[in-house]
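Look at the two complexes coming up: chain A is in both, with chain B in one and chain C in the other.
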Partner chain A sequence: MRSSKTTQNSANKIRVLLLTAIAVVISFFLLSYAALDIFRDELTPEMEKKGRALAESINDLVLKSVNYGVPFDRLRGMGEYLDTLNVKNPEILYIGVSDNKGKELYKSDEASAAATTKIKTTSKAPQILPSSKAEMIVTTFDISKDGQKLGTIKLGMDGKYFEKMVDKILLDIVTVGLVSLLVAFELLSFIISCYITSPMRTLYAYFDRIKNKDFSFSLVSSTKDEAGNAFAAANTLVDKINLKYLELRSRLSAASGDPEKLAPLRDKFSGIESQYQFATGTAKIHQPEKLVEYIKWPFFLLIFSDALSISFFPHFVNSLYQPLFGLSREVIMGLPISVFMLVWALSLPWAGAWSDRVGRRKAFLYGALITGIGLFLSGTAQTLIDLMIWRSLTAIGYAIVFITSQAYINENTKPEQRTQGMAVFLSGFFAGSLCGAAIGGILADRIGYSQTLFVSGFIALIAAFFAHKFVIDGDLSLVAKKTKAKASDYFRLLTNRHFFFVTFFSAIPAKIALTGFLYFCVPLFMKMLGGDQSSTGRGMMAYGLVIVFFAPYIASHASSLGSRKLFMVIGGLLTSISLFILHFNPNIGAVILAVAMLGLAHAIGLSPQFPVISDLCADECKSLGVGTVMGIFRMIERIGNVSGPILAAVLIAALGFEGTFMWLGWISLFAVVVLAIHLFILSRRPVASEGSP
Partner chain B sequence: MIYRTLLALLVFCWIAPVHAAAPAKSEAPKAEKYKIYMILYRGMTDAEKGFLFHLKNRNIPVDIVTRDCNKDVSKVSEYITEIRSMKPDLIYAFGTSVAAKLVGLEGKVNPREHITDIPVIFNIVADPVGAKLVSNLKSSGRNLTGATHLVPLEGQFKGFKTVMDFKRLGFVYTPNEKNAVLILEKVKELSKGMGFEVLPAPITPDADGKIAESAVEPIMKQLVQKKADAVFFPSDSSIISNIQSLAKVTMDHRLPSFSATEEPVRKAGVMMGVVNSYFNVGQLAGYKAEQILVKKIKPQDVPIETLNRSTFLIDMKTAKSFDIYPPVMVLKFAEVISQ
Partner chain C sequence: MNEGAYKFGRMTRRMAPMFIVVFCFSLLLNAFLDYSNFKRNHTEIERSRFAVVINDLQDTVEYALNLGVAIQDFSQLQQMIENTQKRYPEIDQISVIDTSGNSIYDTNKLQISKKTGKKWLQKALAAKELWHDAEDGNHVIGVPVVNSINIVSATLVISYSQKNLNTKLEAVRNGLAKVALGLMAFFSIFIYFGLKWINKRYEKDFQCMTEIMTEGEKMDTAQPATPPDTLLKAFLADSSKAYSSLEEIEVELAGIEGKSK
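And then the complex of A and B:
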């Protein structure tokens, strides 16, 4: 019964997703074609305008020289000059100047022979061929001085230029399409959760109550949609029953007559009263079902908004570069990222406590607002100090949203469903991250870094809005008061060998690879290789994509301690391999491969980390509480987040990029070897910390 | 409540970037005038005009005292005595020899002979390091800074080569002028990498400092014999003062000529030069005076600089007479003198 329901659920889910996909894809293609058509129509006149402008500047220079006294046919260096124009305008196939008898005197040296012949045959009459279907768009311009024609400029532009331009941005178009799909899915899931799943669950829960003979509750039916109508219908039904009960009761108590006949009735009635519950007076409100999924869309949006700048942030820092504290340029470029990580890490405990106090809805709302403002102001930064201040503000908001979302999920899932809850959290995080990275790169190429940050701020505000409207707080008094970890707790954990090795030789290196390599090195290295923001964004997207695809599979296979240990080691190995590959093949393809491999490494190696710790440090988890141990683990792990960019920067300053990749590869390898030795050779069974009974 | 917070935050957003972008307020000049003592070498040149123009433009109130040593550097000693009693706020010195006499060469400063306690700005010094006035252009380490007018030699010759190729270049100079001798050595160095040979052609002015056409004749004949393709006139004040006769004879011998300074091209028909206009360099010196007088920066903290952009001067009439036409891309940016 249960399994057929779940398969039915999955089948329905797939059906819905498929429908959405088809709808999005069709509209996307229609839109794209319409845009391309408009583009094509606008392109040709623009190309003609450009041709004229170029011809005019050539004319101006020629006349200037002639006015200085240079004979028209003795102009020197025309070939090189026309070449410079050619180079700046790749759609130009040919530029030439001929005398007033039509003999070609000068042409751009780069002009292909084929183009030159084409010019000779098509330039009988000066005209512009209107459709871009032509091979070449020809513009001519007469050079005249004092009313006398000296010669003619001929410009040939590529009729196929339009197609070539579209080819170039095809990748971007596809990326935008994919991201649109993802965003549509997320939004659709959210809407379904809010307006369909939740009401239905509420209704079922309500009927469960009725099954349990409890008619004392009623539903809130204020919305005018199907859910509201269904609720109202249910309420009407229950009201009728309650009314009947009240009626019966009053009739019975008011009845006079034969006591012998009445007594059994009264007994029966009390019997019913003891079994059933009815609404007397004002009915109690049946709370609507709060779904874990409510948080996913706002969280996705928030992560998306911050991730927009991932692909170009080091470049943005570079543009504001100023010498500071005598640090090298590379270290200064990594500083804002490290500062962000540090402020984020330090804010988390405080943010968690505050979020517990004010409730998830308020906390998320304010967190998102702060993030939005921080992002917006980051875009206005004029100096590095500005930027770091606003980034810190963003980090505070980010921490609030992060911890609130995690807590919300923990509070709204039963313990056995925690992994699923985590999966909601993580998939929202990575989906937002990869969409943001891809779109951010494309945006930055077109509207600039600051402007993209303004857009980020705006999207974060939208996230705030959604949280404000849809996130529901639970009963605040029920939130467990978390005990703060004391320094002695930290010490106790750190002296546990297992904790120490897993944290320092698996978790921290992984975070160093994330912030140092992915967030810092990759954008800079891509730029050095000549990639633009869009390709950088796509490259960084690979990380999130791989994780989103593979993490569920990995999770289902990493169930035993043995396999978890193995996965951690594999993760570390993959990380070092990816770095070595990049060291030996410093090209754009290898960057994307390395990023994808890092994604795989993290998909495999990250999720087993804490389960291994909770297995091997069972004593500590029992006495300190799993939550505390996790908190300490995450806190120490963030050392990796914070130090990653700085470490990478120092390495780049000293060794250059390729040297840095090699060193990072060796560091990873060393860490994983040490880890493997510890996990598989040195310790055969779980060890408690020294001094415990 | 939430809307109020939003409003407050929005207002904050408006203020923050405006504040960040607020420009620094410009300084108001002092009410009293700054006393500047200017020592000229050969009268008022465009350099001095540029210097004074900058100060006027910036509304800096100045009291100017001018002394012209009229090519006699020994007069500077008299001026030093006058300076010590007058105590001006700033001293302006034209040219290497005046500056050297006024402040002394680096390491050879004698507080009794030289001025060590009043800021000195030199103008139109070709090579302060080579002339041993300073060892580091970033700071003289003493009460000295200034503006140099020389375009880096490599830039000059690269420019010349775009207009005409030359394999043998005559270098006309007066051996007494330290400047010129230094530059000759540098050009010799440069010539190796740029594919031409330097033919030094020293010429000595007479007792009055004049160079007559008759004196130039044998020099040019020699250069023609050595198959010179062109002639170069460096930043040499005797050469510049006698440029008319020099240029005429050079033209008569059908030799195209290049100059490191602007006067020969503008006034004597020398074919071309990659130069910094004296007027613009003067403005740069004026800017440095502003740093010292108004911003109160010490001279040792004001670097010695030249202009970032130079001018390609071409006398088209001369070029045409040689049937030489500069490439169009040079003509695009060059300053062309006559038709």
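And then the complex of A and C:
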């Protein structure tokens, strides 16, 4: 029954997603079609005015020459002049001047023969003949001297101009549509969990309790929907039994009949009391089933909000540039990203402990509020110092939310479901990142950097609202007390060569590529190549998109130590290839390819890192605990997050972008070669005991 | 059953608003993209139109400079810029500014020989080619005028009103808003009924459970309907068993109490 319910849930998710897709696609199409009509109505007169201005300019020039005595049919350089006009006004496909008999005397070279044959209509008076069907809208103007017509100027405007105008934002519209569907999908998982899956599971768990003869609990539902009604019906039924029990108990204790007859009855009643548990006072609360999706939606929203600024953040920093500590402009531009990463990394241990203490709901709520305020204040920053302070505040909030979400998922999944739980966490993270990067670029192009950051802040507040309303706290006393890693633990792990090589030659280079290349170089380089914020956002979206699609597949194939080692090496190689691509082929297409390849490299190479460590450092994991080893690994790899932007900035200042890509590529390649030598040549002998006494 | 009679479709009523909000938000974002696209294109068309006008003036002035006429002595220029302004009613002002920022010729005659106090002056004096800006509700387009030895002699500036753009923007805003609102209304209803159809099965499941449990409250030994679920069946059976055990004692107790009376 339960498995059929799961299938039914999946089928219904697909149905709801299809429903949303139909609504989004059809409405987007209709809106774009209507916009095309509106544009045509409103811009045609403007095109006409522009055509008139051009024609008057040509007319003035022709008359000036004719007045100097140059014959109308022998104006030298007229073709070149018309060419210049054609180049400056790409929406004009054809410019021609003919004599009063209609013979074409001059035309721009740009107006090719093909274009000439496309002329559908001509008119005698200056007139626009708008038609979406015509490939060229032709306007004619008379050239007259002293009331006598000398000839005609013909301007052929691109009949598809309006369509091309709508096409210009087609990619943006498609991006908005895709992001809407992704958001709808995330929302769907959340809603189905809240309103269907969780109540259903709660009800079944309650039935299970009754099966175990425990009537001392009652269900709580804040909703007045179908699920709420079912809860109420179950409560009424159980209440009736409890009431009957209480009534009987008081009657038995007050009964005054024959004691010999009453005694067996009381024994029988005691038998029932020992068999069943009834509610003697207020019934205890049967806790609703908590699902990881409860936190996934607010987490997705929060990541979405922060990622809105990814595609333009270095440009925003640049707009606030001021000389600081004698550092180069590039280094200063990388500084706020590094400061964010540093504060985030340093806040994580504290944030985790605080979250354990106050509970997940409160921690997420405050974390999201702090992030929202930080993002909002970042938008108001007037100086670089302001910005770094507000980014640090954002990083604290972000760290709280990040660690709280992970902890919530850990607490609400059984050990065998933990991998699946982490997949939910990662899919929320990457889906939020890619949606945020894409929409952030589009918004920044239209409303500006600061305003986009205000929108980010607002979305973070929405995440706080959802967390406040839906995240359910568990029993805080059950939260496992974590032991703090000691300096000796760090020392012990760092002296284990497997831990050292995986951390310093795989994890840190991967993080350098992430923050140094993706977050810092890509926005700057895309702009240098002439890309706008929207295309930068779309380009950066490729990273998350590739991870979302490939990571689950890779995870399912990295089952043995050998395959994990191989994946780490392949990931490192792909990282260096993605950087070399840009060194040899610096264009926008190559940037998107490089970003997608980095996504693939990380999808392949990141997830096996810790499993390899836990396999190769089994003794350390046993004696220090897997949690501690993982904590130390995560802490050290953040050196890469912090140093990435600074390293990239220093390289850009010294070598320019192409040199930077080459050097980052060499660094990655060097790291992966050393790692491969270590993993496949030097570590063929088992060294499990290394580092242990 | 508890207070509040059963209301079918409440689950959909709770779910639908969230989807409708996401849908409306994406549609509004799309409309906003169209709107800003129109604004950008209109601004570019208008700017390129006045670029044609200012380039014509630039050619004429540079031609005169190349013939050796000093810009201050080019007396026909005042008439020329006044004629151009008459030809294009959207033009608010045409100025010819010297390299120190003073107006030499101006359609606003009060401005002649005075230093321009506009914010775009620095941009104008530094420009090497066509530039544009916006100030005080007007668009500004300018171009430097260079002499035969490629030295900037003056800057031509045309300031034209944004009224035309604003009127068009209002029309586009209204047009897009009407379409977007219509689509929102239609598709919100579509989403609502679509969700209702999809949720029907869940709602029926819960409804069925509710009805069976409500019937089960009578604690009859024979259940009124076959529960669709084994766990629900067990729940009803266990409840009924517990209840009848209690009832059994109650009957016996009543018997004892009756005899003693």
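The definition used in the following text is that the second predicted complex is superposed on the first by the 491 of 693 C-alpha atoms of A that agree within 3 Å, B and C clash if a C-alpha of one lies under 4 Å from a C-alpha of the other, contacts with A are read in each partner's own complex, and residues count from 1 in each chain.
Heads up, the rule we're going with is that a residue touches a chain if its C-beta (ideal position, glycine included) is under 8 Å from a C-beta of that chain, and two chains touch if they have at least 3 such contacts.
The model shown is predicted, which means the values in this text are computed figures rather than measured ones.
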| item | value |
| --- | --- |
| Touched partner set for A:Q322, first chain B, second chain C, both or neither | neither |
| Touched partner set for A:S488, first chain B, second chain C, both or neither | neither |
| First, second, both or neither for A:K244, with chain B first and chain C second | second |
| Touched partner set for A:S274, first chain B, second chain C, both or neither | neither |
| Comparing the two partners chain B and chain C, which touches a greater set of residues in chain A | C |
| Touching partner for A:Q148 - first (chain B), second (chain C), both, neither | neither |
| First (chain B), second (chain C), both or neither touched by A:S253 | neither |
| Touching both chain B and chain C, residues of chain A | none |
| Residue ranges of chain A in contact with chain C within the complex | 1, 8, 12, 15-16, 19-20, 22-24, 26-28, 30-32, 34-35, 38-39, 42-43, 46-47, 49-50, 53-54, 56-57, 60, 85, 88-89, 91, 165-166, 168-169, 172-173, 176-177, 179-180, 183-184, 187-188, 191, 195-196, 199-200, 203-204, 206-208, 210-211, 213, 215, 223-230, 232-238, 240-241, 244-245, 248, 251-252, 255-258, 261-262, 265, 268-269, 272, 276, 439, 442, 446 |
| In the complex, chain B residues that touch chain A | 2, 5-6, 9, 12-13, 16-17, 20-21, 162, 316-317, 320, 325-332, 336, 339 |
| Sites on chain A touched by chain B in the complex | 61-62, 64-65, 68-71, 74-78, 80-81, 84, 365, 369, 373, 376-377, 380-383, 386, 468 |
| Chain C residues touching chain A - in the complex, by the definition given at the top | 1-2, 4, 6-8, 10-11, 13-15, 18-19, 22-23, 25-27, 29-34, 36-38, 41-42, 45-46, 48-53, 55-56, 87-88, 168, 171-172, 175-176, 179-180, 183-184, 187, 190-191, 194-195, 198-199, 201-203, 205-207, 209-210, 213-214, 216-217, 219, 229-232, 234-235, 238-239, 242-243, 245-247, 249-250, 252-253, 256-257, 259-260 |
